[in-house]
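Okay, structure first, notes after.
Going in written order, the chains are labelled A, B, C, D and E, and every chain counts its residues from 1.
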Amino acid sequence: MKEAVAFKQVDKIFNNETIALSDFDLTVHEGEFVCFLGPSGCGKSTALRMVAGLGEPTNGEVEVFGHSPKELIQDTNDIAFVFQDANLLPWKTVLDNVLLPLRLRGGSKREQKKEAVRVLKMVGLADYLKAYPRQLSGGMKMRVSIARALAAKPKLLLMDEPFAALDEITRQTLQQELLDIWQKEKMTILFVTHNVFEAVLLSTRIAVMSARPGRLSSVIDIDIPFPRPASIRTNPKFNEYVDLASEKLEGRQEREEAK
Amino acid sequence: GNEETGSAETEGEDQKEATEETAEIEPVKIVLNWFAQAGHGGIYTADVEGYYEENGLDVTIEPGGPQVSSVQMVASGSAEFGLVHGDQLLVAKNQGIDLVALAAIYQNSPQAMMTHKGHEIEDFGDINGRTVFIQSGIAYWEYFKGQYDLSNVNEIAFTGDHTNFMNDEESVNQVYVTGEPYFMEQQGIETETKLISDSGYNPYQYVLYVTKDYLEENEETVKKFVSAFVEGWNHFKESPDTTLDEIHEVNPDMTMEANEYGMEVGKDFIFVGDAEDKGFGYMSEERWATLIDQLTEAGVLEVEIEASDIFTNDYLTES
Amino acid sequence: MAMSTTELTSKVVKKKINVKQNRFWDTFRAVYLGPVIAFILFIAAWQLVPAILGLQPYIFPKPSDVINAAVTDWSLLWPAIQITVGESVLGFIVRGVIGILASVLLASSKVLERSIYPYAILLQTIPVVAVAPIVVIWFGAGFNSIIVISFLIGFFPVISNTLLGLNSVDKNLDDLFTLYNASKWQRMWRLRIPSALPYIMAGLKISCTLSIVGAIVGEYIAGIGGGKGGIGYSITVAAVQVKTPYLFACGIAAAVLGISFYLLVNLFSHLLLRSWHESAMKVEK
Amino acid sequence: MAMSTTELTSKVVKKKINVKQNRFWDTFRAVYLGPVIAFILFIAAWQLVPAILGLQPYIFPKPSDVINAAVTDWSLLWPAIQITVGESVLGFIVRGVIGILASVLLASSKVLERSIYPYAILLQTIPVVAVAPIVVIWFGAGFNSIIVISFLIGFFPVISNTLLGLNSVDKNLDDLFTLYNASKWQRMWRLRIPSALPYIMAGLKISCTLSIVGAIVGEYIAGIGGGKGGIGYSITVAAVQVKTPYLFACGIAAAVLGISFYLLVNLFSHLLLRSWHESAMKVEK
Amino acid sequence: MKEAVAFKQVDKIFNNETIALSDFDLTVHEGEFVCFLGPSGCGKSTALRMVAGLGEPTNGEVEVFGHSPKELIQDTNDIAFVFQDANLLPWKTVLDNVLLPLRLRGGSKREQKKEAVRVLKMVGLADYLKAYPRQLSGGMKMRVSIARALAAKPKLLLMDEPFAALDEITRQTLQQELLDIWQKEKMTILFVTHNVFEAVLLSTRIAVMSARPGRLSSVIDIDIPFPRPASIRTNPKFNEYVDLASEKLEGRQEREEAK
């Protein structure tokens, strides 16, 4: 399989001397679904932003489909990003916000609108097409943002805690939808979450990070076949993975705290 | 004497006598009609030579400027004395502002129309069909409109800038012969001028005036001021040099040469006519009456004005 | 559930009707009472001050003098107003269009902005009287020059505010557009201009009040003569002829025009922004 | 872990040193090259246009004529510049302080704003020439009147922008202050003024370019009284004397002052805002 | 016990006809810790905002400590609110943001600073006192917001999904800290969460809501004694409650979906 994303010994140090990432090394292949788990402030968002070409490593290199991300996003728009905050244009309606990436790309307006309405229906916002972002609840805004990313049918999808503001039911529905889309479209997904269950449910691999400086502490391959319905949570293998991930996560932190 | 006055006035009761003595030095202000120039010579002479002080006055001379209205300043009491043109005095009177002329500086008006050399006007009727830079609302232009056929004049407001005149050979520009022709020459532009007074419209210019109320209540002060004023002019006529230096000091951007030119040319408008035999500043009722008639005819004046009302020579006789 | 929705709505409607009767008086009290009182006080003070200070009408006219003068010379004032309105509206449009286009151009490249923006400041800070002769030589005395001068006087607030607005785009939204590989013009059109709208409108509001002043100064400087002039010309003549009440009437006419113009632009701005910007939207709680 | 941190930092430092050598040329290229080229082009065009059109120096002077005139009459120009600088700085301060205070006052109550703001627009739109006589009578010819007129000319951009800024507070932050029962003045001081800063600075930037113009117009209208004249006076006298190159020199001097003043205010604005506002901060990625 | 918060048949209809709350009726006593559970967009934030006096019911009444909330916040500042988004002043440093409510209240500056530093240490941000909000990660911003609310030592604390952006470890630490503070200070807390475990762990009562229009569908008393250490999650009673709450939540929704 081809490499989709490669972090090559990446350091990221901000001007105020914060070391956000240190010696970060990870390769993600095309079609993978990798979840990032790690304490708050360990550099997950920073890593995703670099993949999207929105930040540059201080040392090392990030490659996306064999190119530097900046080059890549200048050629295509095959990357979509669900930011940690919804990041909607306040002067556009929900529908127009979702249409934005499609419109930027050009093409048949009717098709685009149909597609936008479809994804909005999927995230449960069919009744809010004409609403402005300020008229939405926090979870609804996040769902618009998710719809916007999905509508663009990207080859590489970056999601930064997309479901954190959602209730369990909505979250489960969207998890299944996301898995469906991922399999159908054969996209590559990098997904940040704090929810270990979610990470195990969704991913082919989990990248566990530790903080200060942000490092990759371990990588866990999740060997559960797809499709994975919600009911898989009762599967003992599932729970083993959950325990393993939690352990890696906590262990790392505890060791640090002990220091 | 300025400082002494100030300190004396702030002293206590027991110094009252001293205060009364120094109070004879009376502060007054005169607003000019433009930045200081040769045409204000005598006013500065009186200051430089100390004539005001001798007459018990502490005079502040405040130069005017493009938009400074001396009439309004005097009428509102922010200055006691002012300078305006004769016709402006009548225009003010027409608005109910009671002013009285005390002395005229220019016996004859130095106002003129300037043309490029080779494009002279013989008669003001020749202006018709040409471009004229003239101040909006100026009285003699209204008079001209009645006297000559100016229906085809391209009338453009004159704002003090001559660039467009210089750029257009055919154009005509309002000027004072005491100034602009000289400046044009300096730039190598040859010009001709034709005096407005050739048309028979010849107001007194740079007229010293006060309000009627002020005159009635402060006759002594007025008398003292006018006498210093006349004395200043008489001295200026004989030896202008120190005064011109002073004027250059006050208005440094105006060159010394320009001041001298202004004085040379101005002399022939100031110290002539009635000034020669009846003394500096003299005004005749007949000429005021003519002006009133001309302006009434031009429609500038709407109220009846008695010539004898508008001026007085009474304070000139002293010297 | 559908029923309960209707129920609820009808409950609200009832409440609304009860409120409606007092509505007119309430809005009047909240919105217009203050301004009306202020206006009355203003006029009263203006009427009284000259009387108390014993100022003559030719020095400081009372409102009654001004109204008198305006009525008497209405036949002069009215055409002047019309001319000035024409000039200022055109001046405003030219300024708005050129100002915004120029800002967009400058904002599209840092190098351009750094290289050219200083000349915009230069145009603003160089005294108009210094360049007026050249303007008149190039554009002829009269209308064209007035528009050019009015442009020079009021375009800087537009360009300055617009440029600031275009450079104040939310960083996260900017990232979004980078990510979607938006072209320069897509970014400009879909992100920077909408974000800048509040600033642009603020610039236009300042600029529109300068429109009337610009036209008047333009008339004054560009040498409209011979009675074809607008308020600027009238003011000059009134000043020369010491017709102070009429001069004030001209001034007040200009101010009223300016305020109306402002209110118009303000209304427009409000309509544009109310759906999303804090300064214009009615926050619902 | 502490070691690895040092290691990391030292790696970066090395990289930085390598870069430093090209740094000077790079900044020059990025920041100054454009403006320098633009300036050269501007001067060249200005030098050539009159030559090509065959315009005489007394109609449209070339830069060389202007420099000549400035050097020759430097002894006149320099004091005029000093006086104008004094007037405009004072005018700017008065305007800034009164403008901001007035906006804060108006913003503190909707009723006040609605009642009084129209008179601010009135002051802006009423032509200065119309009120000049009154100003001169009340404040005397010269300095004081010049400051007042300069105030009238440039205070509106401050008040208009400030008011808009004070009314553009983020709704959520506003809620926070409501919740914490912040007093009116706490809210003003800790929330509204900081939020409005970008707008206020934009207003001040516009206003500061109007400072020089304001001082010049002020001198033109209110005369110089008993004092020494500034650039406005010089321009008037130069026009009468047909010293066009010197007139241009005055104009350019005014423009240079204006630009310097702008840059100063801009710098100040940058320092104030750079820690948080998008328009000023260097976004780090 | 005295009433702390009372919703009395509250309806909330926004101008665009969205019915956010309908017939909402709930009384919270002083010293209670009530969690709100409900699908995204069901009106949880709206309800909390009304308690804080930041919104008015369309019908019905909200009372806080026996007063209308507007009155109350005009008299005291005993209410603190952790908004759904961090809501920090961008021009103030982390420390100054936390100091804000204290400064508004007045008093000894040194004491206030000590207190602010203490809570910031508690939320794990001791090293970021001088950082600006834009230099923080999403979870760190939220923690600043939490610190700001806790520093004010309110009588009534409203928290709108405060821990959603935090990793499990940080979340657990803060949950325990919150319970500690709640018991020590005897405050009343209304807490919105999507995490059923969290709701059961923290609350004395859970208010389960359903969407469109937002209604109170059931109230569950959690009868587990305090203190509740993290280990309580293994307690069967705990899991019973979790199941009950999940059921209520899902049941309601499923019924709706079936419609």
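Throughout what follows, a contact is a pair of C-beta atoms (placed from the backbone, for glycine too) under 8 Å apart; a residue touches a chain by one contact, two chains touch by 3 or more.
Here the structure is a predicted model, which is why all the values come from computation and not from measurement.
Listed by label, the chains touching chain A and chain D alike are C, E.
Separation of chain A from chain B in touch steps, taking the shortest path, is 2.
Summarising the inter-chain contacts, the pair of chains with the most C-beta pairs in contact is C-D. When you average the Cα atoms of each chain and compare centres, the chain farthest from chain A turns out to be B. Per-chain Cα centroids separate chain D from chain E by 48 Å. Chain A and chain E have Cα centroids separated by 27 Å.
Chain geometry summary: the mean Cα position of chain B and that of chain E are 83 Å apart.
Multi-chain contact residues of chain D (touching two or more other chains) are listed as 59, 129, 133, 137, 171, 220, 239, 244, 277.
Within chain E, residues 14, 49, 54, 85, 134 each touch two or more of the remaining chains. Among all residues of chain B, those that touch two or more other chains are 67, 69, 72, 76, 161, 163, 167.
Those residues of chain D that touch chain B in the complex are listed here as 56, 58-59, 76, 79-80, 129, 132-133, 136-137, 140-142, 219-226, 228-229, 233-234, 236-244.
Those residues of chain D that touch chain C in the shared complex are 30-31, 33-35, 37-38, 42, 59-60, 110-112, 114-116, 118-119, 121-122, 124-131, 133-134, 137, 156-157, 160-161, 164, 167-171, 198-199, 202, 205-206, 209-210, 212-213, 216-217, 220, 231-232, 235, 239, 244, 247-248, 250-252, 254-255, 257-259, 261-262, 277-279, 283.
Chain D meets chain E in the complex at residues 172-173, 175-182, 186, 190-191, 194, 197, 275-277, 281. If you check the complex, the residues on chain A that touch chain E are 14, 16, 18, 37-41, 44-46, 84-85, 124, 131, 135-140, 143, 160-161, 164-171, 194-196, 246, 249-250, 253.
Those residues of chain B that touch chain D in the complex are listed here as 31, 35, 60-69, 72-73, 76, 78, 160-163, 166-167, 179-180, 183-184, 186-187, 189, 251-255, 258.
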